[in-house]
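Two complexes, one shared chain (chain A), two partners (chain B, chain C).
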Partner chain A sequence: MIAAAEREYDAPAREASAATVPLLAVEDLVKVYPAARATLFGRRRSLTAVAGVSFELAAGETLAVVGESGCGKSTVGNLVLNLITPTAGRVRFDGEDLSAVDDARWRDRRRDMQLVFQDSRSALDPRLTVGAQVREGLDIHGIGMPAERRAEAEAMLEAVGLGGFADRYPHALSGGQQQRAVIARALVVGPRLVVCDEPVAALDVSIQAQVVNLLSDLQARLGLSYLFISHDLSLVRHVADRVAVMYLGAFVEVGTRRQIFDDPRHPYTRALIGAVPVARARRSRHGRPVRLTGEVPSPLTPPAGCSVHPRCPFATERCRVERPAALRQPDGRIVACHHPETVP
Partner chain B sequence: MSIPVLAIDDLTVRIDPPDAPPVFPVRGVSLRVEPGETLGLVGESGCGKTLTCLAAMGLLGRRVAIAGGSVRVEGRQVAPPEPGRDGARTATLRHRRMAMIFQNPSGCLNPVRSIGWQVAEAYQLRTGAARAPARRRAVELLDLVGIPEPGRRARDYPHQLSGGQQQRAMIAIAIAGDPALLIADEATTALDVTVQAQILELLRRLQRETGMAILFVTHDLGLIAEMADRIAVMYAGQLIEHGPTAAVLAAPRHPYTAGLLDALPFIDEDVERLVPIEGTVPALDRLPHGCSFAPRCGRAGIDCAIHVPTLRGGPVQAACLHPLEAA
Partner chain C sequence: MNLRFVVVKALRAVLTLWLVVTFVFVVLRVTGDPTEQLLPDDIDPGIREYYRAAWGLDRPLWEQYLKYFQAAFHGDFGISFRNGLPAAELIWQRIPKTLELGIATFVTALAMGIPLGVFAALNRDRWLDRLTMSFAVFGFSMPNFFLGILLILLFALHLRVLPSSGYGTVGHLVMPVITLATAFAGAIARFTRSAMLEVLTRDYLRTAEAAGAGLSRRVWRHALPNAAIPIVTIVGFSLGGMIGGAVITENVFAWPGVGRLLTSAVADRDLSIVQGIVVLVAVTMVLANLAVDLAYGWLDPRVRLGARERSR
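Up next is the complex of A and B:
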């Protein structure tokens, strides 16, 4: 199975297309949910979960989306995979605009775009053996000869370290093993993009490292692109090439791993990194930590102007009225802040 | 040496499943929490850290019981119950001197009572105060834990508060009546990091102002590093390492503690590859002979499968037959 995926990845057509266009290009993605009326005849309110998110992801690259709960990071992952329908905006995969295509084409495309969930226990069907669930993707997409699919599924399980587990049911697996099974099921169809939504958040530290290593080995071997959604900043520093910091539905800073972690510019990024408790540090952390006051406002009643201003110690009058645009800085990163240079 | 606020000696907890032989999720754990200090109890899920706390609080459920050892609160034995003292007085001693906060504040708060009412109730139970002074004290306590406009928010119900504010209200309930010990069991795990930082700061401030001791229970070594004076590491129901936090984190002596630290990514430096601990935690009904960690341990010898190691050495103590060198 792995051999098949490697062959496919090496195909010249794919190489050529990856060189010219990014694998995934997302433009101005918006998702607005209707919310319940506050009063019987009150105005119908709306909840903006994702407010205009744009990014590109190259083949073989990992882009991490970090943010606190409710910021919309999981919604971005689901929008990219069309598991929920965007209100506005476009998703291009491999140059093809997927916002215009029908369901049949999407089913086809799913083979290239897979998802790994956080909660492996509910992601797996308790009534099917692990082997059957991994095989299911091959059946759905009609990959390989039916007679060979069982062997392919077993080879994939072997590749994630679950050799000999094909006939077990999910309940007989530990949390780490279940997550490996979920990864095997996502990768057996040979995807090029995998959306990893908090893939190790439910696992204990010692097991977490096993699964993270597995994900990076598979990426190196199969040339996968990861959209890695996580709230764990230490982990993101370890896995990501580029990092997007999200707050209340929008990216506030996007940059390379080093830019974000060694020299964060946006006050929210600095607060987020500064708030992570660390067991051991090799060097002193970024020397300008910011302490935010208060909590994330409800997306039902987002603040006017910059979304961070009610919590930001550097907010000025301009921040209260004018929403800052996401501007590209001289070093290539994108920051949505009125005063990224002036703040101490 | 002063009398410890909480002294747990050789505690063993037993669970009797309905149709299986008993298992022992906590075995021979001894802990001391001194007045005014913070002890960090750390371990992965299922290691017995929460059961140890629940046993100390007298909150073990059905089919779960203390099978051995003792618990003393400020020098007075609360478990097993002392002959001659009635159970109600033991319970009073416990709930007046100890309080516990949990991971999930929304599940612990009463949804049909206002926050102020619930804080006042806790204060009345601990101090025997009358209703009116308890209400006034409740507002002061809400102010102390950093809830804005406490007079007005005291009339709010739990669903009207955010997660961080709910945890603040839980802390107000816990510290009403000045307990000597606060047990915080994964108290910030459900919160976002920026809010978590605020709650940690609050706990530190309350400790400075009231002098209470904190037993801080978590799976996150980073939180222990920020909060705890001493650290106690549990694995598969046993205490396997214990010592001053800085010393243990700088040079752990037990291979499991060292493995946990190696498995963590850094926030301030790139690591080429994480070093996981291979294998998984053994199931309680299939514990290996000898050291429970031996099957996953790179340093294990034949003797590890025979002898159960006990805590040795100092100031960092490790329950290991082949400990790593002290720094």
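Up next is the complex of A and C:
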């Protein structure tokens, strides 16, 4: 009986409840870079780009990671895809712990986890035709017969609205077309997760809508999960199911789109949401938007205690010494703040 | 690659050749009289005049110049003052030997320089990179004649495994090729490294990695072709330097090529030979540069297809 009970505890989550296992589960991801010494004989310093990030992403869901530039959101995307090796932490994809697998398995897994870059112009190899680049993923993963790959790549280009562009070189495409080529390149191998790192930041607003709609259509059609990294809150409001707000390498608040946009709890989130200009000013439940003072501290010298405290108007003595834990609130969101409820 | 491009390049090449030949022609003739070099000091002035007339040196400079060009267009580069044989023929005989040395050097230098540069770039700022680049700088800075002599001391005198000089077997080729290729490979390795470093940080390489491409695919399919333009440029320029280096190296190893012919011809003030070789070197340089220009078009679709197709 004891053995049976133990087996139940040890049973891999994958088998126990395939439906509830998130597609992607990230636990305590940390990335520390060694930094140059400040002086010749100074202490060797380190830069913590990502300081313990955890989240889950369900199949078909879009999680947006928002934050100011330099907060580490792109690093999170690269860590998830193992394009940067994490200092600590785990990435589980479909129940498989990817921090434990070797390079060959990783290359194989990349078929399921693709990347769409911000700068589509530089994300495409200038020396290869668009068709050849879309086909490359099929070649790498040995998908389909070699003879069919060309047609497959052309079908994918067709799907993103670039039918007949296969023989063009990237420089002959407009910015929006290039980004659609990048999307075709990512999706041709049939991934389940796509990390979109500022996918439309480099595009004109009119083209942004086009590309975002394309991403939404493809998600609905193919059941994709997106890890959507962006600093553009109006865009995030449009695409995200859930939103993670990042500050100095850590998530300060994670909740549904509605929770984050309509009822932000963390002072930093409230400052961020309040900073978005809206046509018709709508007061949040918590009254006036919070205004942060000062600049983001350097990640080389992060503040003690809560990372937001030097700029937070509500900071108390406790905030200055004790780093707040990310706690799940009654409504399901996660907030890393000592006083989320006391804030006016 | 349109016609206009080719015509402009060809015209420029012809202009370059004309300038070089004119410069050498004038300089060689104003710096001294070949008869003083070739004939004994105490010779009868009548005999000296006879030779000057026979070689056309008594004519005004502009007349010599026109005659020279007229003949050159018919493939006649004059006769050697030393043995009366046609200069073109004497030079032509030496070309295969210099070419043999040049091609062997070229292949060796590329085979060493490019992989070393790629290797250093992939190990950027680690000790392997520093070691590789130290060798490259060493190879590049070491004078040809000095390295050649060191090699002779080591392999010919001390170890007695290679012939010290001359021409004939593959063994004769080894030391001159090492001497020439070391400097060349050092330069190529440095340029390959910096070109690769610039390309390796590009997003499309991360895209390729994210797509699951392994290291060798990323390097050979994506990085190196994109890094090729600066590498091709330095290779093209180095071809000229290699010819200059070959003059010294051929003398160190008594290699019977064009370089040695040039040194003896200069010492003898054998005008036709010197001029002929200068024309040959200039033609080689011009062709190398033309090849580089054409290679750009082949390497970069943006150059190949011209600006017309660019959308922005």
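Here, the second predicted complex is superposed on the first by the 315 of 344 C-alpha atoms of A that agree within 3 Å, B and C clash if a C-alpha of one lies under 4 Å from a C-alpha of the other, contacts with A are read in each partner's own complex, and residues count from 1 in each chain.
Convention: contacts are C-beta pairs under 8 Å (C-beta built on N, C-alpha and C of every residue); 3 or more make two chains touch, one makes a residue touch a chain.
Note that this is a predicted model, so its numbers are computed, not measured.
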Inset, instruction - Give one of first, second, both or neither to describe whether A:T301 is in contact with chain B, with chain C, with both, or with none. - result: neither
Inset, instruction - Based on the superposed arrangement, let me know which partner A:H238 touches: chain B (first), chain C (second), both, or neither? - result: first
Inset, instruction - Considering only touches as defined above, state whether A:A123 meets chain B (first), chain C (second), both or neither. - result: second
Inset, instruction - Check whether A:T85 is in contact with chain B, with chain C, with both or with neither, and answer first, second, both or neither. - result: neither
Inset, instruction - Could you say whether A:S174 touches chain B, chain C, both of them, or neither, answering first, second, both or neither? - result: both
Legend entry - Which partner reaches more residues of chain A (counting touched residues only), chain B or chain C: B
Legend entry - Partner chain(s) touched by A:A271 [first = chain B, second = chain C, both, neither]: first
Inset, instruction - Go through chain A and flag every residue that touches chain B in one model and chain C in the other. - result: 174
Legend entry - Partner chain A, residues of chain B touching it in the complex: 44-45, 162-165, 192-198, 200, 219-226, 249-250, 259-261, 263-271, 273-278, 280-281
Legend entry - Contact footprint of chain A on chain C as seen in their complex: 202-204, 206-214, 217, 222, 225-226, 299-302, 305, 309-312
Inset, instruction - Give every residue of chain A touching chain B within the complex, in rising order. - result: 68-69, 174, 176-177, 204-210, 212-213, 216, 231, 233-235, 237-238, 261, 271-286, 291-293, 295-296, 311
Legend entry - Touch list for chain A against partner chain C, complex: 78, 81, 83, 107-108, 110-111, 113-115, 117, 119, 122-128, 136-137, 140-141, 169, 171-175, 182, 185-186, 189
